[in-house]
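This is the structure I have questions about; it appears just below.
Letters A, B, C and D mark the chains as written, and numbering starts fresh at 1 in each.
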Amino acid sequence: MKQIYSSFHEAVKDIKDHSTIMVGGFGLVGIPENLILALVESNVKHLTVISNNCGVDDWGLGLLLKNKQIDKMIGSYVGENKEFERQVLAGELEVELTPQGTLAEKIRAGGAGIPAFYTPAGVGTPIAEGKEVRTFNGKEYLLQEGLTADFSLVRAFRGDRHGNLVYNKTARNFNPMMAAAGAVTIAEVEELVEPGELEADAIHTPGIYVQGLIEGQQEKRIERYTVKAEA
Amino acid sequence: MKQIYSSFHEAVKDIKDHSTIMVGGFGLVGIPENLILALVESNVKHLTVISNNCGVDDWGLGLLLKNKQIDKMIGSYVGENKEFERQVLAGELEVELTPQGTLAEKIRAGGAGIPAFYTPAGVGTPIAEGKEVRTFNGKEYLLQEGLTADFSLVRAFRGDRHGNLVYNKTARNFNPMMAAAGAVTIAEVEELVEPGELEADAIHTPGIYVQGLIEGQQEKRIERYTVKAEA
Amino acid sequence: MAVQKDKAAIREMIARRAEQEIKSGYYVNLGIGMPTMVANYIQPDKEVVLQSENGLLGIGRSPYEHEVDPDLINAGKETVTASVGAAYCDSAESFAMIRGEHLDLAILGGMEVAENGDLANWMIPGKMIKGMGGAMDIVHGSKKVVIIMDHVNKHGDPKILKECKLPLTGKGVVDRIITDRAVMDVTDEGLKLVEIAEGWTVDEIKEQTEAELIISDELLKMPSSK
Amino acid sequence: MAVQKDKAAIREMIARRAEQEIKSGYYVNLGIGMPTMVANYIQPDKEVVLQSENGLLGIGRSPYEHEVDPDLINAGKETVTASVGAAYCDSAESFAMIRGEHLDLAILGGMEVAENGDLANWMIPGKMIKGMGGAMDIVHGSKKVVIIMDHVNKHGDPKILKECKLPLTGKGVVDRIITDRAVMDVTDEGLKLVEIAEGWTVDEIKEQTEAELIISDELLKMPSSK
């Protein structure tokens, strides 16, 4: 049975200054909302954050940013956040942009014990600078290395006490790879259930990747509310 | 909607001499039984077969072997098959042994457009001969290239007319990676259902990887029947 | 307001022309912005599966208000629905589909395209870099990559160039360019003009295109927006 | 029949000693053959998850006849059950767990082990090669790799050597060796004898071991099979 935290404060208390953390989510979908809030409260500093995006100004990772807790951000798209732009231009924040598919694969590789792999994305672009280019079957590829983290914070729909996780719809995104790539993975779940309640054939993250869990209620803010007018 | 074949004969009719085929399964579990039988009947020759094992003497890929349809076998364990041994010793069959995890990852890479990756398995062993060895973070790794096939034959539990597949228990094994790595992937399913019947969050092989499907009844032979005496 | 309306009409014309690239049975990735609009014009008799790189194979229409699920968005972060027979996956699997060339077609926006198929569509030096998102993967991952964009920029300068000036998204990745004025193919011989919009002459298009244009022997009229 | 019984007793003794390597909360991969037997001796108060590289995290006991499911086997191809809270996965994910060092312990059989931790357990030149299966991945993929085997071969010759003669499965991968006569650890200083079975002297073990043995200051008695 995995550790079940009694508070979000307790869940993040081992995350120290200068840690590298992965945070699941695409935009604001599938982010571990309360773990992020607890990190803001903990006031831990000099974080390297690996996440596809960096939240918006007043929600998600944007809150860590506003509180100046992040030294370096590794992601693929950071355009939703004005404070991000200000800190980069002011030299307060280092940013490493990585093509989204490469980022996903680097994290997957990190969790899977693959130190490096070749990918076509980025050949002939600024991303290729300083990277090995190698030809396979007449096509050029870049060498990219795997990514791991001291802590991974993920958000799942349901999780059981063995650490098995199931995600909902597009809230899955980067969460499963990050769960595998964190030395310590903390899962915020919408619902904590008993072992055996999740269908063994339908588990997205096997429990081996998860060190602790906590149930959390999600706000699930929507960035681009887009609807069809009722007929 | 994907092609639904009316017979196993029709399903394999495009597989010609000298094709490279991947065949799902671990031991006799999760093998596409009727597609293999149809290949035997088709009498197609000079196949390169990529599969973890090569069946047993009278079932699965062993039938293709007995009928001398295989020129080369790429797998990780071929010890269950006496005819295999005879053909190798007689120089009739070429064999390329690959560590099981490396084989799984090579097939996953092939389907995912990754031409090559590094892995620790095989460093300092006969597997490393002729392969690049490279050090990352003080540890040695081998370069291994991705694998693809002209045809992949997989066996699923349920499949829908969009090609989405779900596997049962340990019959999943190599099937999902092979489904993605075949230029043409043919799925033998125990039950064909309508789109929408499979839970969208629980699909193992998204339909994009599958070109055609056929329903087939499985014998599911057991290699090592092991039971606990009833109390 | 007249200009506004013209802009919308032009975007619709481009989107409708782009829709013709989509054949029944195709798996398609539509980029953020104008490419997303193409979905609105897909002929109902075509069976098309739209992929969203955030992990959805089978994007459906926009939800009615009561259907909105905050866990269900497209790559542009808009709330969407899933089509019948859709499948969700994680981001690594989603880009495995893309990188492994399982998609038939990607329709993306562009800032600059060069005659050799180079594409620039993600950064302008000196301006804040927002990031490439999935674009650098998607340009390598589809059997056909179509760029839709205005033929010239707001100053009237060409966007279809001999060489891109902006940092690249991908090298030699574009197959076809569709603009408000023309359709051009990247071929081994060079950039070939294959369709021209009503109201424009070949000479005018040549003038508005920095890249050398080969004129197709079978030059067609581009369908207008009406 | 006496020999037969002895053999079984020796295997049980090794398996029971190997079980002591397993701590509560561990994820463990047990190799095919004698290592699989270790599962029979896991203390009921320990919470242990057994991984099977063919795609099962959470191997349960053998099935009763009415429970047999041909789609549910272990890596030794024996029918098994799944434990409560088990998860199935594909082979790539299964080896991602292994290669990514998510397992706490692997217990495998061995033909030869060298004092530097080299392991040979998959092929004998001149004999038909059956294949390495998952062994070459598993030896790299666990926080601790324990080899269980007879101390000497059937001719009485050492199997724990200065250098392996057989083709390797992995280089410098073994952490601990458990035999019918001793327990040895691979350390930076060399191979260290840490436990010795009843009925054997240190000198006898040294004689039966080609590798140079460092004798632990805290040499323990190996638990006997009773």
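Here, contacts are C-beta pairs under 8 Å (C-beta built on N, C-alpha and C of every residue); 3 or more make two chains touch, one makes a residue touch a chain.
Bear in mind the structure is a predicted one, so any value in this text is a computation, not a measurement.
Touching subunit A and subunit B at once are the following chains: C, D. Think of each touching pair as a link: the shortest run of links from subunit A to subunit C has 1 of them. Rounded to whole angstrom, the centroid-to-centroid distance between subunit A and subunit D, based on C-alpha atoms, equals 36 Å.
The centroid of the Cα atoms in subunit C and the matching centroid in subunit D are 56 Å apart. Subunit B and subunit D, compared by their mean Cα positions, are separated by 29 Å.
Within subunit A, residues 105, 108, 112-114, 119-120, 167-169, 172, 200-201 each touch two or more of the remaining chains. In subunit D, the residues that touch at least two other chains are 82, 88-89, 95-96, 98-99, 140-141.
Contact topology of the protein chains: irregular, matching none of line, ring, star or complete. Chains touching one another, given as pairs, are A-B, A-C, A-D, B-C, B-D. On subunit D, the positions that touch subunit B within their shared complex are 52-56, 61-65, 68-73, 76-80, 82, 88-92, 94-96, 98-99, 118, 123, 128-138, 140-141, 167-172.
If you check the complex, the residues on subunit B that touch subunit C are 1, 108, 110-114, 160-162, 164, 180, 195-196, 198, 200-201, 203, 206-209.
Those residues of subunit C that touch subunit B in the shared complex are 27, 47, 49, 51, 57-58, 82, 84-89, 93, 95-103, 140-141. On the side of subunit B, the complex with subunit A involves touching residues 105, 109, 112-120, 134, 136-137, 139, 141, 145, 166-169, 172, 199-202. Across the complex, subunit A meets subunit C through its residues 26-30, 52, 75-80, 85, 88-89, 95, 97, 99-105, 107-108, 119-127, 157, 167-177, 204, 220-228, 230.
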